[in-house]
């Protein structure tokens, strides 16, 4: 099974997985609208249709979905001061458990409200004034016009720019890695992807990986890996074996 | 006839009278007999008999709730004996300030001139429907025609003379100047929209 | 005690109870005891006793008008027995059920309010804009200022007395305690720790 060819039918997107990734990278699809759980379900369905467990496919899928989730999380929590990535695994697990538990409780509370609403359906009461009630007069004390000016200043105040800079730091542009890898390949015909990741944060590693996908999509490189978890070798197109070349082309045809 | 409640309880119309009571206490306007007939799915004669029983039960001098037949139909009102207490209930203490939502909406209308609700919502980043309704009800703003001519366009709102009185202004030209912001209305409007967009990004 | 009304009539509290009846039938929101005390100019003990008498008189099963303690005050509503007839004439405040998104958003605001839309989105993992707009339109939630006043932060939301009324709550404290709702933290924590250990191994 080839993960990137996984056909998806989500609310926000319909088509192969690799096309979704491309659109997300080009910011033509908003990740906030993408139902990642739906992608996982689709993958599991496809996996279940096969008799054997396809470890390669599972590995590739996990990496891609993790990258998607990380991007989505960043989009949703962009102003978050505490970075999960910066936390020790123990602390991160604790924080994640806390958040998931919070959401689960709210779901339970929503269920309680739904039940309450149905048992209270037969309680009718008047909304608004009674037919023959006196008309209340709502008087307002004299107001200071300066309050109006202050409110307009408030509405015209630019939101603090600090958080934006922060975001850039945490989530470098894909273009940065595109340039870096292209430059590398003008000097060398191939490089070892894993060693290029040394010293990078997890966010940067994710972006680097997405840049790699983008280059392959554009048919500028080919990628090979001897075995799962073995180093990923990246080479200029034309430097690799014909077999790999063919695979790349198939993929390009589908994602076009 | 001394204890009408006793009578209602013993009467086969009991159930119907209770249902009509319930309908009347929920209604926002007097209910015509036809509507009571439709809602209770009973017949006119019985509905009118039940109303008669209720009128006796909810009678001035006997109850704080009084059933009255007015032009539009039947409705509950407060007894005259309770008029003073009702007066105190409805005579709201003078309100000292406006909510943030009202103040923002009012400021946008005051500084930008006639504005539509959608534009207020865009600038505030939140729907302005209830704030606009509240300010209209208080007489601080009023409708000022429609956007793009007579039909179709959204209603525009402007401030009223009452607004000027409450804020102690002779006219809108006396609004405090916004030194660091564009003095020109169009520039100010543009600035507010730009910031709102940044904020929602 | 067989005929509470008889008791009311004979009781020196009679007059006060009638006045309170009158106030309740014209009020457009539940009346807190303090407001009843202020409007009747009577004392707390007597007002509470009068309310007790009225609660007995206007009791589900005994009257079409029912007195209930809801949303921090006292209010009349229609008896449940009359719900069908009421449904033919009036709209329910929440006519159809609420969507799962709306219910979750409502729960978050009821428990954690005042909260901003981004905070709601953070907990739910999905934007909450349309749910918030829908709940505001139904009058179940309302704006409660802005976060971080000086910088024009996001608008905060809280539930309204209407929310408590629709859900038949005396106050928000009647909601089940959050700690009593299963969050399965321990199970989750264990699983995540297991993953974390593998990763760092």
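To keep things simple, chains are lettered A, B and C as they appear, and every chain counts its residues starting from 1.
Basically, a contact is a pair of C-beta atoms (placed from the backbone, for glycine too) under 8 Å apart; a residue touches a chain by one contact, two chains touch by 3 or more.
All figures in this text were calculated on a predicted structure; none of them were measured in a lab.
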item	value
Distance-maximising chain from chain C - centres being C-alpha averages	A
Chain occupying the middle, per Cα centroid	C
Separation of chain A from chain C, taking each centre as the mean of its C-alpha atoms, in whole Å	37
Separation of mean Cα positions, chain B and chain A [Å, integer]	45
Length of the line joining the C-alpha centres of chain B and chain C, rounded to whole Å	20
Chain C: positions in contact with at least two other chains	25-27, 76-78, 82, 86, 90, 146, 152
Shared interface positions of chain A, touching two or more other chains	124-130, 132-134, 154-155, 157, 159
Interface residues, chain C side, partner chain B - complex	3, 5-6, 15, 17-23, 25-27, 31, 35, 38-41, 63-65, 76-79, 81-82, 85-86, 88-90, 133, 136-137, 142-143, 145-146, 152, 154-155
Chain A-touching residues of chain C, taken from the complex the two chains share	25-28, 75-78, 80, 82-83, 86-87, 90, 92-94, 97-98, 100, 103-104, 106-108, 110-111, 118, 121-127, 146, 149-152, 162, 165-168, 175-176, 178, 181-185, 188-189, 192-193, 195-197, 199-200
Sites on chain A touched by chain B in the complex	124-149, 151-159
List of chain A residues in touch with chain C within their complex	32, 76-77, 79, 89-90, 92-94, 96-114, 116-118, 120-130, 132-134, 154-155, 157, 159-160
